[in-house]
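A, B, C, D, E and F label the chains in the order they appear, each numbered from 1.
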């Protein structure tokens, strides 16, 4: 972990020494990603907070789902664009570029997902995610029905709802704490 | 668990038979609360989803914090009012009435938190939570500084940010899945 | 009149002595409701203001109409929820609970009318009232036509429009003057 | 009454024959204004509705007040501009032109009240009226205090709140019923 | 040029002496319009700025187009109403009154274009212009298709888009610089 | 000009043969930029439209100004982010990366300009541009005064207003016509 910049605007230094579990986890990140994502470093002041956050993230973004990992990242970016979250747009914009192999798709989702040439299924998925983000008060059965009509199962709808919800949480935590993305993301997969 | 109504609008029946861990957890709920909250029943189709969600909830709402449990529930209600989340307003409105012993406070937070006669610290806390909910894009250092000026530590700000984020997730999952609160909440602690 | 708290944040004491007509009116309220609603006490500094306000209220809410009294109260609550009016949500939320005998319905209308299991006629009525409240600029013939299609007459539409208008007035007067609801409302008809 | 166009988009013909009281009232309008305002013709299907509406209008707009009649008309126009109410902008825009003798002032209030060269007192009055119109949820003691600081009494604040409320009602009734202003207003006092 | 009031709130005096080209241009305005529009006087501090602005204006508003000059002015007013631009509403409201010979139409477009009795083609044109003004982010092929269905060619759509864009520029320049319309506009063509 | 994709969603083919002036202009673009920007190709159906648009663009973005070229591009990006304009964010995001030599700055302005570490002068410039973009109705002398207080002259304010206005036009023309940015922009200056 060579990047020593504080991961947020809060004065919450990591545990010292880092507990063994965290040390191992961060080591794996460094090996696989070439960095420890700042959202993890931000939680390093409390082991249970890091663990519960990571467990939910892993379940939602990496667990079994009718949504591909790319589709979950697409939701992450479309939601984060509504919320203007610098951290999540940088990190998950890079993930979309990587998983899709289509850098332009990443840019479109960051800038205005409506211009992306999506099929009806993915477009309905992002329309739902964006409506849930901007106006969850107004979601009704008709909105779920539109997802079913393009082929999503009720289990898929659960996953869309939860990934959308998760980034509405993460975006707000990132903005509220002044979280900064690792510089590495900006040039990746261009 | 006598209430057999589906907890959401999705067709996601609980595991059958219920795994031992879940059965035990739901039994404890039934004993302590007189019901199994529908948000838990909604997760009963997948054990890891229930566990990761519950673990984060417990860490944020029941773990150590400079915020009292009542204050965390007050944030839950103020956030849920912005998002018009029936489930969370019913459940956490009841929690505010219970923990505060002040039914009127619960009603005020549901209806318009600005009318509640709060001290400067709690008012700043809810103003921050509501701004993060409505316009996290616009949060800046000056907003965090206002929390510090009424006595919150940076660790407290982390907790305010995360509780606020959590209900922005839960509200959206509840609305997007059509989650309904247990009827018991409505008459409690009036 | 035992509740001596000021009904608003304004320094506008009641006429002293209270004119005979007012005294009689307030006595009837006390007998029938167990209180004098603060919106009436707030007008007690000027007899003609009290009378003209009350007369319009009585005509709209209690006069002949194709809308039931409960339906008019449902409009009152749905409109007041948009405007976040503590006074009107407390008072008319209680009225919905009383007239419907369904406390959950009152909570739903306070929290998010879209979750209430209404028939098409009442749902269209509240959708119209909420659109008129949030965006009267955009109301057109097509909106009126939707009311006619679920069975409302043009006279009914007049009444929906006027009840909706009335609470858009009352909500604003209440919020602008800092009007507080009588405490009695909160626990009623739960 | 020579103008026979229906005053609203609703099929609510006037009482036939017109009751004596209404006939007299409309005759006075015709003599003094050269027309019967369509808002009165719209109520002509029900005598009590006309009377209660007119009584409140007269009390608020013509009764004793620390606000001049012009100031009350200025509020009417500034509020109606927010709500895009064609009826009220036409009718009360003409009233501002007439009472002020300053046609440009009427245009400014219709188009954007912020460009009008008002003194601090009148500007604060319209700022309050516009905030109450757009976001009454957010009105607090600090808003009332700003009115007091430019010289308004608590009784004046009551009147500002009630005139503002009244046009938030009238604007919505006019838009919801498709009320059209008499053609005479457009060219008056230019 | 007898009106010597500054055309904006900025201290940007005209070139002195006025270059011959400007002098000629302003002379023509004075002869044909009885005034030099303040938007031109505002540019008089820099000849190239005046020329490039005027050239684009003339091309869009006076050049060949499938839209009549009145239709382009109607767009100007509908857009300016959304943006609350006093300068453009005064100037182009007068133009609509002049070109249409229908003063009421001008008032309707200033106050709420939805009340104007337009044919389907012109209504679609203004709906598109207003959506582009308020929410250009959300414009998609379906919006263009609605214009084609009422008879507009793709070249017409280009012109609608560009006139709409032009007033979204001009409205903002006028408001941002405090530009004031010439007094002459207010009473014209009533 | 090797890229043969249509520059917009409209069927407006370029003049054939391309007039000599356009041919020369596009040749220069090709030589200097390695492409002909699609916004120019989109105008290639009409020589006067291309010329008047280009002349205004060149005057505002390349002419003499107290604002550096980078600052004008920063305004372009901050405005385009509010309007979600894919074309302008891609093209001017690349320009900010190029002129600043700071790819992260470009990303910040695209994603949320508030996170960029700007000095007070540039921050005030972008705050003004964003307010003019979102709410030009509300701009008043106090907003201009804030620009003067960080050192901008009235001539600078003119330029900020006009560059801001220009992109509010261009964003809307691009979105309304379905304009697509040249693919080259996405990977440039990363």
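Things to note:
By definition in this document, a residue touches a chain if its C-beta (ideal position, glycine included) is under 8 Å from a C-beta of that chain, and two chains touch if they have at least 3 such contacts.
In this text, all values refer to a predicted model and were calculated from it rather than measured experimentally.
Any chain touching chain B that also touches chain C appears here: A, D.
Distance between Cα centroids is largest for the pairing of chain D with A. In terms of C-beta pairs in contact, the better-connected of the chain pairs D-E and E-F is E-F.
Among the remaining chains, B is positioned farthest from chain E, on the basis of C-alpha centroids. For the pair chain B and chain E, the distance between C-alpha centroids works out to 51 Å. Chain D and chain F have CA centres that are 44 Å apart. We define each chain's centre as the mean of its Cα atoms; on that basis chain C and chain D are separated by 22 Å. Looking at chain E, one finds that residues 84-85, 112, 114, 137, 140 touch two or more other chains. Every pair of chains meeting the contact definition is listed here: A-B, A-C, A-E, A-F, B-C, B-D, B-F, C-D, C-E, D-E, D-F, E-F. Taken in their complex, chain B has these residues touching chain C: 84-86, 89-90, 103-104, 107-108, 110-112, 114-115, 180, 183, 186-187, 190. Considering their complex, residues 137-138, 140 of chain E touch chain A. The part of chain B that touches chain D in the complex is made up of residues 112, 114.
Taken in their complex, chain F has these residues touching chain E: 9-12, 45, 48-49, 51-53, 55-56, 58-59, 63, 83-85, 128, 132-133, 136-137, 139-141, 143-144, 154-155, 157-158, 160-162, 164-166, 168-173, 175-178.
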